[in-house]
Structure formats: structure tokens, C-alpha cells
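Shared between the two complexes below is chain A, which pairs with chain B and chain C, respectively.
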Partner chain A sequence: MTAPTTAHRSLRRRARRQSTLQALPWLAPALILIGGVVVYPVGYMIYTSFRDLTRFGTDKGWAGFDNYARVLELEHLPKVAMNTVIWVVGVVMLSIGLGLVLAQFLNKRFPGRKVLRMVIIVPWAASVVMTSTVFVYGLDPFYGIINRALVDLGLLDEPFGFLKSPVPGFLSAMAVAVFVSIPFTTFVFLAGLQAVPHDVLEAAQIDGAGRVQTYWRVVFPMLRGAVVVATIINVINVFNNLPILKTMTGAIPGYDADTTTSLMFKIIQADRQIDTASALSVLNFVVVVVVIGIYLRVVRPMRED
Partner chain B sequence: MSTVVDRPVTVTEVDGGGDPPKARERRRWGLTIVGSIVALIFLFPYLIMLIGAFKTRPEILRVPPTYLPQEWAPSNFLTMWDTPETPLPANLLSTVVISLCGTALALLAALPAAYYTARHNFRLKLPFLLLVLITQMLQPTVLASGLFREFITLEINDTWLTMILVNAAFNLSFAVWIMHSFFASVPKEIEEAAWLDGCSRGQSLTRIMLPLVWPGIVTAVIFTFIACWNEFAASLILLPTDTNQPLTVALTRFIGQYESAWQYVFAVSLIGIVPVVALFALIEKHLVSGLTAGGVK
Partner chain C sequence: MKRVIKAVAVAAVAALGLAACGDDSGGSGSEGGTTELELLVPIYGDLTKPYWEDLVEAFHKENSDIKVTLETQSWDEIYTVLTTKIQNNRAPDILELDAAGPAYAAEDLLYKAEEIVSPETLADIEKSFVDSALIDGVAYGLPTVASTRALFYNKDLFTQAGVTAPPKTWDELLDAAKKISALGGGVHGYGMPLGSEEAQAETSIFAYGAGGTWESDGKMTIDTPEAKEALTFMKKMIDEGVTQPNPGATDRTPLLDVFIQGKIGMIQGLPPIVGQINEKNPDLQWEIAPSPTKDGSPSTLGVADYFVGFDKGEDKQEAIAKFLDFFYQQDNYVKFNDNEQFIPATKSGAEAASAKPELKIFLESLPDAKFYPATNPAWAETSGAFKSLVGQIETKPVDEVLSQIQAKADATG
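Then we have the complex of A and B:
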């Protein structure tokens, strides 16, 4: 019995090595693309975050952790970090909450449901810059049409400069971010709801569960996978989002309406401090990975139900 | 749903709890009214866009603003192609070329990888999938300085090719993810039968798998195409020359510090939005199944 097993084992080992070699041609195009356009620049970013670069890109040598220290000592960093937390947590939670409600609504049968589903994909398909530009125009205190509508509806006494100061500007940007995140979130939940078997709902009803109870005890737990997927993808997208803040609050002086992502962009564009910006990017990336890691540990999407 | 009945059952009856059909009918139309309000909320920015695109320049800057144009100006859609702000025909061409080539390249790289990882186990499978996942967490603007330097070294800086590469690379993970789950949903036996009948790997992929996972591929292609079409931040940094810039960047050139040509901003936006919404509507049916497959994996 021993001989065939050993032979079998070595055969399997060879087969595994071979299988990795066989995989290579299939993965090569993806690997080359990721290597060239993602891995190399990431390496360069980490490298420059430890170098001392002039505004014109001349390398003046090793800088140790100076760039990181400079980022952490930025006067406006606490404010920007706080903004980032509010931005990510606020936008993601509102998108998830409203997405759940909307998905539940779209899962019902009523005339016009198909049309509504088509309508909801419009903000998803449309370019985010184009959508936020409409709000820049509409919220203008002079010629803004949304401002006029709010005054005509009696919600405002006079037109308000929403995007002229940091707090209302930042809140408006958050609202637009929620607006463009809802469609994707809703469709993830619709997909999740579709997977809830009909007879399970019936069984719950027969057992005397009310609507609210059925939802929280039966439907919601089955949506956990969808909630995890929607949360992670939204956190990544919302954290990295530049277009909304750039178009809506980019003109506000100072850093009171910035997140760490838009701050990084300002450091590159306005100050041309590539080394400091690289250090901030590295920190940003580490934060995203850590946050998602913690989230996955807490939620454990792979756990058996 | 599973109760056996010997008379024909209407949909309303099967679906129902205990309410009389009339009350249910009324409630359905109530839902339609709520639905219309929701639709209006999601459409209003685009209605502002549509109406704004037909206003004359003096009217769109009028204080207080008008809701509907007093003078309709469809000529905006003709005059916008020739303005001092931006060379719009070139911008449209940039968007089209970058999106088409970026999507093709992403598909070329994602398709074999998605197929192989869904079908075969090998030691580096998990590290490979993790690498793909990490690209999803990064964003091209974060890597701008490195990309800029790399493209200068390769002497392709400020060309379409840079954005084709960037778009393809950063949309790869989503394409791999979607197609991987579609490939994984096809039973392995179907393919094994084909191998027994003398098909090669490549043949079984093109003749057996592709027709079966076609919806997944279409979904991945359209998703990638839309993402490329709408890309803004990286193009803003990597393409300084105005004739190379895509529509999304060109549009911002109409917004000045003191005066903005909003009517052109909106007309250009419409040109940019209508085709992708139409494409998206095509895959709307597959969206739910595509996302389910992804969620289950």
C-alpha cells in the first residue's frame, strides 16, 4: 500500500507545480496590467514617501519619516480627519439605510415598478462630475434654480449660498454623495432580497410573525452578505471620492471642507509637494485596509448562519 | 404559492394575504404614486440639466432664474462644438477612443483570468485574487505621481494610451469578479464532457463556456465601458493637453471663476449621459442576477 501512496503524492506535487505553470498564460495579461499600472506606481509612491523631493521633482535624498511627520503635523489635519470620518460614516450609513428601504419598496409589485427601476439607474450610470455640476449650478445663491424652488416652496426665506461656506458646502456634498451611491446599494439589496425564498416568508407568516417581525427576524439576517458587500464597496468608493468634493467645495478657501483624499489632491496640485502627498496616500491606504479588516472581523460574512 | 387548487388562480390571489382584491388594487396604485415621487427625486438633477441645455446664455445667468426657458435655444447643441473654451469634437473622440480601447483591454486581461480561477485550483490562486482585490481599493489619483513619472519614462505621457491603460487596470477587478462568478456557476461536468469529446481547453472556452456565460460578459463589458466613459480624476491629472481630454474634463472648462457657460455644461453633459444610460438599461435585467452571483461567491 505504501509504494503507490508515495508515488501518488509525488505525482500530485508535480501536478500542483505544473498547474501553477499552466495558470500563467491565462493570468499573464492581468498580471502585466496590474504590475505596470498599479504595483509599480504603488512601489514608487511608497519610495517617494521616504524621499525628499523638491517642487520640481528633483530627488534630494533619503528623508526617513520626515514626510510622515509633516503630514501628521499639518495644522488642519485633525479637522480634515474628523471630516473624513463624518464623510465616510455618514454617507455610507445613509446610503445603506435608504438603499434597504428602496430595495424593499422595489421588491413589491405595483404598476410602473419596471420604469422606476430604470429611473433609479440614471444617477448610477451618469458621470458623477456631471451630476455634481448640476448641483453647483442649482445651489447658486443668484441664478440657482434649486435655491429658487426652495424659496418658492417656503422652505427658505431667501436664496442661500450652500456652497459658499465650509459646513453647508460639506453637507451638500454629502447629500450628493448619498444620492449617487443609493442606486448601486439598492441593486445589491434587490439581488439579496431575490435570494430570500418565498416559502420561508410564508412559513414565518403562518407561524404568526408580523410584518416588522418577519423583516427583522427573517429577511434582514438573510441580507447580511449583501450588506457586507454594499458596505465594503461603498466605503472604498466614498473614501476615495474626489469628483464630488472637487466640483462642489473645491472653490471654498481653506481646508474646512476637505477629506484626506481631497487634501492629498490639494497638496499635489496647489503645493506640488509630491513627497508629502505620497506619505498621505500611504497613510490613507493603510487606513482603508485596516478599517475594512476590522469590519470583516466584526461582521464575519463567511460565518455559517 | 405551492397550494394545489383546481380552479384557475389569478396572480393577485396567489400573492395575497387576506385582503379583498379591491383594497389590494387600491394599495398597488398607492405604491405607484409613492414610486412616482421617488422617480422624480432621482430624475430632478437631470431635468435641470435638460432644461438648462435649452436656455440662452443670458437667460441661464438671470437673477432670479426661470424654471422653463422663455426662449428655447436648441442651437446650443450646434454652437457648443466650436467654442474658445474647449475643442469639443476632439474631446468626444477622446472619450470614445479611451472607453472603447480601455474596455477591450480590460476584457482581454480579465476574461482568461476569470475563467481559469473559476475552473482550476492552483497554489497562487488566492494571492492572485487578493492582488486583484487590492486594485479595487486603490484609485488612480492616489498613484498619480508614480503614474506620471512612469509614463514620462515610457515617453507616452499626455496621450490616450495612458488613460486606456489606467482605465483597463483599475476596472479589471470588477470585471474579473463578475465574470468569475458567472463562470463558477456553470457546472464543471458540462465542460468535462466536452473535453472527453476531444475539445481543447481553448475550444471548450469559446464553444461551450462563452455562450453560457454571455450575460455575465455583457454585464462586465458594459460596466467597464461606463466606468471608462465617466472617468474624471485621473484624466484631469494625466492629460494636460485640451485636445486629449475626455468630455468629463472638457465640461469643467466651461465653468469659469467669474462667468460660466452653463448651457454648454448641460448640453455636453446630456451628450455624455444619454448613451451610458441607454447601455445601462440594456443590462438592467442582468444587474440583479450578476450581483447575486457575486454575493453568493
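Then we have the complex of A and C:
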């Protein structure tokens, strides 16, 4: 290949710049929206995390890393961090596992498949606060219908306060988190399954592969992109999930059933420290970015083979 | 999901607000002769918002030169909303809040009470209420509603358990609760809500009942012998199984519903519960008695809410005074208290309220009521610490819990 002349190159660069400029009016609404809704609040949050704010919201000036120090000195932080790991890993793995099974099932042809596919979307379509509230009432020991059913079926001797102590409360919240994550996960896998070409499956059959072999050797590798997408989006969603914990375990005293996200909320509402909460929020953000970075590095979904 | 939408909305508004800041600092207040007032009030119940909408409309009819913009917020959200507003220099002109409202005076943000209401109206307001939230001896808040707690009890359960009179002392309370719990069948003697919703109230009733206070010499005093005594008694009730199960994680509102269903013998409550019982279960046989205390001497928790005016250097005192005078006019004010079923803070309003029998116990307990030390800047965090930590007495030693809360209070004081 011959090198283009400098004149040629600068001409091309100018043309590119011009086309970028021409695109600007069309990009502007999106850019303004992203700037106002994403960049500005994130910037403001980072700024707040370095300020000394009174509980009234008045700004007392630069605080350096004091807010971050206060977060890291929290006595209950290790416990809360551990909870967060259990919360994210547990919920995401269960959602992915169950999602894979459900997707496989919904990919089969059977009467009523369309209806079933739609029914599965319901927990996704309903507001998370609403879903969790339904479970809060259902699990109530006094008038909860789930508790009543468990007693009537003889599974429990008397109603149990599922959401009244940290461990059962946290596990119940995890179950609800899985329940609301499954629809999205399932549909990502369903889309992935439908992209598996039929002739590949036929070829596997002709080569004498069994069902299990076909799945693990042929179908599953082709789902890798879908698994990566589902994992990343679920990790972000689950990590940042406040409504489920807030509605279901918010009344439990102490910090034994908190993740870093719900702790952040307690720092704002109970301790009235917007600055400290901002610092924790920034740390949360960094953690998510790092986790996803590592994940992408290990899985390398863009790798072609 | 709702929270996400709200967060996006807040962010968008904040972004727009930033853009609008440039021309906002001038005299926007009095353009073309009209003064704009922002009014921020908390929601007590279903009737709150319609009441304010009607009031603002009626006010506009009489005062075409003042435009009042109404914003209502739930009690859960209002503190956060307010902090965000103040952080962005967009404080409301008129705010109704608990004693945290007058506390903003400590940051030099408020007009004095006498500046935002006419002398006649100020004279009509009970002095003791005005004095319940002084900052350095100066009044900044105008009381809107007042209330005390009292013990609601289920007469049917009392009869069945053979309890003849409502308990006056802690010993009697424990005894009565034991007898009622012994009835079985999902019935519990005493409802103790120590969940995050309002744990500081339940704790304060008992601590005040032991002669304790949460503040002395401007410092938060949580880890005191009186408080220890109170929490030890509460823990004893929990340990002996005379409360509902898991009091530490039980919120007040759902527990009140259980009382209204007739499954709880006794529970501390506010006047508006009378209306809730009448609406949800009018057949319930109930009665009100003063809150039991350690030795039977009268004492309970009082609460009051206040109006304050924010001084943003825009000389809006007159307009604010016009609106507040309008609010305190007897008809408007009595209707407000009727809606919310609180005790009015004006002399003329109290006359109207004394005619109602269900408010009698509450009115009588008012002189002995102790208020939260909410004008102390550290109270907000202390109250938050109570909400998120005091329920732990169910499983942890009282000393440990009290020192944990004391540490939170000291960290901010």
C-alpha cells in the first residue's frame, strides 16, 4: 500500500471533522440529555463527596478525603461489604442459572407457549417497590397470606417473622431479587437460543451427539455473548438495588441486613450526612466499574473463535 | 423504579436549575407587583393535600398580588428534599416541619416568628407552644399542630383477661400485658413498635416516663441511668413475651392495624388513630388512658409542628405574614386540625377542640408532656440513630445499644 500524501491526509481529516460538525445538531438532544441526566449528577456527586456539608445542606468548604475516611472507619463496613458480595453473587448466579433453564423450556414448542412467555414478564413489568411490598404483606406474621398458607399446609407450626430478623430477612429479600431478575435474564437467553442456527444442531445430531453433549458443546458456547450481557446488566442492577432491601428489611435494626447501597441510604436518612453518603456512592461506583472490568477481562466476550 | 424516575427528575430539575441560576439572584420576587411564595408542607394524611390546595386557592382570590406555589412531601422524604433544596439555595419561603424547622435558625436562615405573622395572630397562639422550640431564647417557629401520646387499650381483651383498670405504672403495665398475652390465640399484651419508622417515639415515652431527658446543657445525653432503666424495662417486656414478636423490626403503622383488628391489648398512639379506628373497625371496643410511667406520675411524649419562614434576603416577610394570618383565621385553622385530628395551638382553636370528648385525655396530658430536644442540631442524627439502632435491645445488651446511640449523637454534636 502506498502512503497517502500529507495534503491528501489533511483533506480527509478536514472532511471527517466537517461531517462530525454536521452530525452535531442531530446528536445535540441526546448529548444534552446525557449531560444533564448522567454526567452532571455524577460530577456533582463526586464534587459533594469532597465537600463538608452540614445536615442542613449548607456547604462548609473543602473536606479533602475526610468523607472517605469516615466511610472506611465505619465499624459495620466489613459486615456490610460481605453482605453485598453475598447479595450480588447469590442473586446473579441464581438468576442466570434459573434463567438458562427457563429459556431452554420456553424455546420448546408447546401449546400455550406464547401466554406463558408473557406471564413470565409480569414480575419485570411490575414496579419493584410494588412487588416487594406484596411480599412484605404476604410474609407478615399477623395477616400475611404466605405465612397463613405455610401454616395451613403444615409446613410451619405458627407464623414466622420472615422479615423480622437479619438472616431470614436478607434471604427473603434475595429470593425476591431473583424473582424480579429472572424475566430479563430469561429473555436475553431466549433471544440467544433463537440465534443458534438450526443446521448446526442438525450437524451435531448427525455426528451422534447426545442431548447433554449438544447443549454443553454446541448451544452453550453460542450463548456466551448472552451470558455476558445478562451477567453485566444483572450485576449492575442487583448491586444498585435499593427498593427491595428498603421495603423488605428496612425496619430491621442495626446493619446486619444491609448492602452498601442500602447503607448509603441509611447514612442519608438516619445520619443526615449527604457528604459521607456521596463518598460511599463514589466508592460503590468504582467497585462496580472494577468488577465489570475484571469480568470482561476474564471472559473476553469480544474474542472471536 | 419510582425512585429511579424521581432521581432522574431531580437530576433534570437540578440541571435546569443550574442554568436558571444566573437570572434568579435578582429581584425575581416582586416582578410586576406580584410576590411569589413557595410553600412546602408535609403530608399527614389523605386530607392534607386537598386542604392546602383549597386554602391556597381561597388565598389567591383575596390576594391577587401574591402567588403561592404549593409543594407537599411525605414525612419520609421531606427532610431529604429540604436538604437538597437548601444545598442548591432554593429553600422554600414557608415551611411546615417538626422542631427541626426552627432549628434552621442556628444557620441564620430564618425570619423571626414575630416578623412573619401579625401581632394579633401571635397573641392568639398558646405561648407554651411557641416557647417549646426557642433557639437561644428567640422564637422562630409558629406552632401549627400539637399532640401528645396516650395509651389506647382494647376493652374486650381487658375484660377477658380480668384486667379491671388501665395500668398507671410500669409494674401494672407488665402485669396487664402478661394477663392479656396469656389469652393466647394470636393475642399480644402490648404493642411495641421499635422498627425504623418511629422507634425514637416509643423509646422516648418510656425514658420520659422514668424521668429521663435526652438533652442537658446543649449536649445529647442518651446513655443515662434513666434511659438505661427504661430500656431495661422494655427489654424485660420483650423477654417475658408480653409484646408482639420481634418488636425490634416492627413498624408503627402496620402494628396499629393489628391493634385495630383487636389482636393487641395496649399500644401508644396519637389522636388521629381515633379516626382510623372509626373508619377501619368501628366495632372495636377501645378506650384511651394516659401513658403508664415508672411510678405513675404523669408524663408522656409531646410533639408539635411549626411554620417557619426562610429569609433569603428578598424581603418577603409581609407576603408571608399575609398568608400565615390567613391560615390562622379561626375557620381555616380549625378545619386544618379537624382534618388531621390534632390539638390546635391557638387559644381560639383550643376552645373548639375541647368540645370533642376523644381529645380530652390528650388535652389533659399536654401540661406534663415533654418534647423532643429537636432544636438541638444533633437531635436529627440522634433520632436517626434511635430509629436504626434501638430495636437491637431485642438481642443485644441495653448498655451496648445505648452507648452505640450515644456515640452517633456525639459524632455530630
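Some points to look at:
Rule of thumb we're sticking to: the second predicted complex is superposed on the first by the 298 of 305 C-alpha atoms of A that agree within 3 Å, B and C clash if a C-alpha of one lies under 4 Å from a C-alpha of the other, contacts with A are read in each partner's own complex, and residues count from 1 in each chain.
Assume contacts are C-beta pairs under 8 Å (C-beta built on N, C-alpha and C of every residue); 3 or more make two chains touch, one makes a residue touch a chain.
Everything numeric here is computed off the predicted structure, so don't read it as measured data.
In the three-chain model built by superposing on chain A, chain B clashes with chain C. Within the superposed three-chain arrangement, the count of touched residues of chain A is higher for B, of the candidates chain B and chain C.
Once the two complexes are laid over each other on the shared chain, residue contacts for A:44 go to chain B and to chain C alike. Of the two partner chains, neither chain B nor chain C is touched by A:154.
Residue contacts after overlaying the shared chain place A:78 against neither chain B nor chain C. Shared-chain residue A:129: touches chain B and chain C both. When the two complexes are overlaid on their common chain A, residue A:187 makes contact with chain B while staying clear of chain C. Of the two partner chains placed around the shared chain by superposition, chain B and chain C are both touched by A:274. When the two complexes are overlaid on their common chain A, residue A:36 makes contact with chain B and with chain C alike. Touch criterion not met for A:197: it reaches neither chain B nor chain C.
Look at A:59: by the touch rule set out above, it reaches chain C but stays clear of chain B. Only one of the chain B stretches 5-13, 23-31, 113-121 or 149-157 carries C-alpha atoms that clash with chain C in the superposed arrangement, namely 149-157. Note: residues 36-37, 40-41, 44, 57, 127-129, 142-143, 242-243, 268, 274 of chain A belong to the chain B contact set and to the chain C contact set alike, using the contact criterion stated above.
The residues of chain A lying in touch with chain B in their complex are 16, 19-20, 22-23, 25-27, 29-34, 36-38, 40-45, 48, 57, 102, 105, 108-113, 115-131, 133-138, 142-146, 148-149, 159, 179, 183, 187-188, 190-192, 194-195, 198-199, 202, 205, 225-226, 229, 233, 236, 240, 242-243, 246-247, 261, 264-265, 268, 274, 277-278, 281, 284-285, 288-289, 292.
Interface of chain B with chain A (complex): residues 1-2, 15, 17, 28-29, 31-32, 34-36, 38-39, 42-43, 45-46, 48-49, 52, 60-65, 67, 105, 108-110, 112-113, 115-117, 120-125, 128, 131-132, 134-139, 141-147, 149-150, 165-166, 168-170, 172, 176, 226, 229-230, 232-233, 237, 248, 251-252, 255, 260, 262, 265-266, 269, 272-273, 276-277, 279-281, 284, 287-292, 294-296.
Contact residues of chain C toward chain A in the complex are 1-3, 7-8, 11-12, 14-16, 18, 76, 79-80, 82-87, 104, 107, 109, 186, 194-197, 199, 244-246, 248-251, 254, 257-258, 261, 263, 377, 380-381, 384-385, 387-392, 394, 408, 412.
Contact residues on chain A toward chain C in their complex (touch as defined above): 35-37, 40-41, 44, 53-59, 127-129, 140-143, 161, 163-165, 169, 242-243, 250-255, 266, 268-274.
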